[in-house]
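Order of writing sets the chain letters: A, B and C. Residues in each chain are counted from 1.
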Amino acid sequence: MSRKNKKFVLLVTILITVASMIAACGAPQTEPPAATQEPATEAPATEAPTEMPATESPTEAPATGEATEAPGAEGAPFTIGISNPFISSEYRTQMIEELIAVNQEYMDQGITTELVIESADTDVAGQIQQLQNLIAQDVDAILVNPGDVSGLNATLQEALDAGIIVISVDQELDVPGVYNVGIDQKEWAKTSAQWLADKLGGEGDIVQIEGFPGHPANVARMEGVAEVFAEYPGINVLATDTGRWDEATGQQVMSNFLASYPNLDGYWTQDGMAIGALQAVMAANPAQWPQGVGEGRCQYLRLWEEALTLNPEFDSIAVANHPGVSPTGLRIAVNMLQGKQVDESKLGGANDLSFVLPLAAVITSDNLDEGLAMCEGQPDAYLLDDILTEEEVQEFFVQ
Amino acid sequence: MAESLSARNIVKRYGGVVALSDGNLDVHAREVVALIGANGSGKSTMSKVINGVVVLDGGQLLLDGQPIRFTSPQVAKNAGISTVFQELSLIPQMTVAENIWLTREPLNAFGVVDRKAIKTRTEELLALFEGTYKTALHPDSPIASLPPDERQIIEILKAMSFDPWLIILDEATASLDSRQVQRLFDLVAKWKEQGKAIVFVSHRMEEIFRIADKYTVLRNGRTVGAGSIKDINEQQLIKLMIEKESALGFLRGEAKTEEKIEKEVSLEVENLTSGTLRGVSLQVHKGELVGIGGLQGQGQRHLLHSLFGDIPYSGTVRLFHKDVRFKHPHEAMKAGVALVPGDRAKEGLLYIRSILDNMLLPSWRRYGMPLKVSNARKDAEQTGSSLNLKMAGLDAPVSSLSGGNAQKVVIGKWLMRNPQVLLLDDPTKGVDVGSKAEFYSLLTRLSEEGKTILFYSSDDEELIGLCDRVLVMHDGMIRTELSGNTLTKENLIAASLGAGERLGGDA
Amino acid sequence: MRRPRWESLTGRQPALFALILLVLSIAINLIVQPNMFARETLNSNMRVFLPLILLAVGQAIVILGGGIDISVGAIASIVNTVLATRVGLDGSPQEMWTYVFLSLLIGLLAGAINGFFIAYLRLQPIITTYATSFLYAGFALYILPNPGGGIPATIAQLYRSSTPLNLPLAFFIILIVLLIWLYLRATRYGRFLYAVGGRPQAAYETAVPVTWVQFSMYVISGLMAALSGIAITMLSGSGNADIGGPMTLNSITAVVIGGNALSGGIGGVAGPIMGAITLGVLQNIISFADIDTWWETFVRATIIVVALAAPGIVNLFRRRQS
């Protein structure tokens, strides 16, 4: 008896599947674009048009100039999609929060609708799916923080072919038509390496703690560091190990280094590993403290302040690798959507397709107080940041 | 078809345990040889040697007088030897037909299994037992859904499907009812006519005398007798199975059994019924050591676990004149009942934890929250020394102890709760001789202290040497009660095998 | 008492749950994404799902045989790096097909190494393949330390946008895999696989070549992992030594959702294929339903846990009834 029932249920489910497949195949092919708009937009779609004419002019003085030539009004409000394949870090958290905040400005002006955010821990195939979903939702622009340097190329090309503006943030891609927005990772690393070399007077024994070997950003940074130290024959790199961009691992690696090389003069490291490294130094409290590179995070600046009470001789530098590049990228995308012409002469990077942004903040002992002031009221995880204003972004466009 | 198979001076060891030290067996076409022996005498090992499941450590197999080596079951199968395994060689997840024809599926031209042919052939085989199984047994029924007797039938049909010349029936009748047994024996008779040979491993004397032509008796891994069944009777066979003298000296309690009986009844069970138990009634007195005997798997374990609240049951259990019904071992423990399990590794001990941790496990509650470790340690040390536990220290892991000492920890952890009723589930299995002797004196002492002890053992000598009374179980019931003069090895084995006249007591 | 036909197709009854889950998730996806069955959308979804599907098929066969293969993702990574470095962005089609062939050999070899350790040396499957996964991942990293390289865009395009008969290419590949499986299942080998996974001791006593079956299933798994690696390379068009790693756990999840028992002997391949598609569709639902980013991981994990627990719950009810 029960078997018969089961068979029946099965038959019904199969029929439903087949029926739904047939029904679905027929319907959307006749009018595919109309069908997709609905789910993502909802509330803002209704509000935006009424608000748009009112808010357009009185925003900011220089903005009025563009408002006249803003042909973007044709397609406005624009929908912008975000694809982010990694969420378990403060950098990404801050990035998403800032993107939402900056987009809110544009939404208030009726220029954009709510962001379509595809953000989850996923692999290359998963990010391809994220992008495909964004394309399927007919977004006007995609801001992608790529999890792979070239694995997304074909999919991004499809987005371009569909007339979508694609901006890659934080990681330079080589796809004609895709613009990159970010800092120069090599320059970023060189800044702190140069400081260390100067601090040590061009002589001394140092160690290096790097991120994931093989990760493009890490490779670019370590190249920069190597270039700087190559100019100082007196600087002797005793060892390099990976802290895997992890605070705890960084601490462990530094502890090992301190045990093996008690007379260390300095260390170079990056990102969250710097906090671990400094904690290791403070815990070991060697007779001679090495001078070390830090990071532009409030937690580090506060730790640095604490370290000075233990050993006033300690010195450090914090260069922010700031998440603000993404909201800046959003501004660039909006301007492009509004039809502004990118000033190609201002672009840099490996393939001259990159908006290279200035470093956000360089904190040394001279301006540590300022840095701490910036952290006032911010959580430990906060990264010193800078988002280009609407006016600053205009630099990159043909006036 | 081959004419004969002989095993000569077979040796087989499992680790340090010698299962067979000098096994001999001859079997010829057109005859049934009964392979007989007490628990652990090496019968099953002997059949595994003949069918190639285990590789022998010494001795020789001769097929038609020619030496042959069975390196795998495949080789033995190719030589025409097929087995009905005691622990069934069926895959529960697969169907009846898939199981029977596994490795010999008829294939069509594309190498695809011919389901139709399999089905037809399976139905033909099933017809041999038609009318003896209860549910509608179908070639497509999954094995997992069948009751034990039907699984046994499938196992027999599977062995037949190989069309072997030698069939080994290892306890094949154990889970069959009388009609099914009769059907099997009809088949055996037919096989004999067809020129096949049969090795019949069984405990049931009645069956042996019904179908066997020859007998071979194993004792402690050694063949101690062989011959024609016509020339021997039941009593003589049982004598052959029993060792002449015991290697161990037992210390039976000073007090006479009669004195104990006068003491109060501490544990009373009436008509206890559960899955395998079919109405067990018994009485145990305070300070009495009562043994439970019989072949393995006759419900002895079920009885002990039911009393401990492990297995649901119906019937009445009275403990010190009070009706009790334990739903969980925890309740039994509270009422002063302790169970020393048989499988130390699985049920009794946390091997990687320290001796102290293990001993403390059932009684940590008594040492408060937080634990008063020093008190616990003192008590544990006392218990350890009273048991003569040989250990490096209480903090050493149990895994560092020998089998006998590990078993003492299992008992020790219950003794720390000072239980009034001790249930022992084959506690000396795999324990060395020295530890056994110590264990026996401990049991005697405990019983003299007035504890009530119910003691299941697969070692008949232990039961005879230690216990005041022995209850022999068979098929979920107490078949015979032996005590005083009737408590002899002959009677015990005869009762276990269900042979001969009933020897008093309640059945 | 006769069992329905489809059951003999997918193994025993457990695949039923996978089917219900798949139909349910497709229905929900259809609500939030009405054009889901449009040719382009269907194709773009299926081409992303295919690498995991292929991996899950191999994993399913190993699990069916009572083993597990933690190294499948790493084998896919090796294949990806080999193709990306040896063929290159401007390689010729001939080169591509040569290395596709070589990739299959690599998969066979990697699987044979696993099989040798597990079947012949009798090592624990989970530990062995966990160890070899590092070996293989390390080898992939050695071939291609930094992400890059690639295969010709025209070949990637062939995979990405071929839709014969207006159906995604992936459909045909799945169909072929399924047909091969159904054939394999109907042969003696199929019976051996179920027997070895069900009760190896009983299979051994019945003279099933247990060791050989165990060895062969890892070889099959390696081969499927290589196919998965080829598919993912054609999908991404580039090389990355970490590309396969995250797929391993998903492949096991897909198999379990598909109704195969992790203890072996129960299930089939159709269930795990449905399980893999369900996992992909879930991601679509989550993104289209506009679930708040921070809840996304949580929601996905919850759905998976429920999916894993459900067969057990179904069984519980069944036992209650009987």
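Following the convention adopted for this analysis, a residue touches a chain if its C-beta (ideal position, glycine included) is under 8 Å from a C-beta of that chain, and two chains touch if they have at least 3 such contacts.
Being a predicted model, the structure only gives us computed values, none of them experimental.
Participant: Which two chains have the greatest number of C-beta pairs in contact?
Facilitator: A-C
Participant: Compute per-chain Cα centres, compare each with the mean of all protein Cα atoms, and return the closest chain.
Facilitator: C
Participant: Would you mind checking which chain's C-alpha centre is most distant from the centre of chain C?
Facilitator: B
Participant: From the mean C-alpha coordinate of chain A to that of chain B, what's the distance rounded to whole Å?
Facilitator: That gives a centre separation of 69 Å.
Participant: Determine the centre-to-centre distance between chain A and chain C, using the mean Cα coordinates as centres, and give it in whole Å.
Facilitator: Averaging C-alpha atoms per chain gives centres 32 Å apart.
Participant: Centroid from C-alpha atoms only, then distance chain B to chain C, rounded to Å. What do you get?
Facilitator: 45
Participant: Touching at least two other chains at once: which residues of chain C meet that condition?
Facilitator: Residues 1-3 of chain C each touch two or more of the other chains.
Participant: For the complex, which residues does chain C have touching chain A?
Facilitator: Those in contact with chain A are residues 1-4, 6, 13, 16, 19-20, 23, 26-27, 30, 32-39, 41, 44-45, 48, 51-52, 141, 145-150, 153, 156-157, 160, 232, 235-241, 243, 245-247, 280, 283-284, 286-290, 293, 296-297, 300.
Participant: Which bits of chain A are touching chain C when the two form their complex?
Facilitator: Touching chain C from chain A are residues 3, 6-7, 10, 13-14, 16-17, 20-21, 24-25, 27-29, 32, 35-36, 39-40, 87, 96, 116-126, 128-130, 132-133, 135-137, 148-154, 158, 213-214, 216, 219.
Participant: Per the contact definition, I'd like the list of chain C residues that touch chain B in the complex.
Facilitator: 1-3, 12, 183, 186-188, 190-192, 194-195, 197-199, 201-209, 265-266
Participant: What does chain B use to touch chain C in their complex?
Facilitator: 51, 53, 72-74, 77, 83, 85, 88-94, 98, 102-103, 105, 107, 110-113, 136, 138, 140-142, 158
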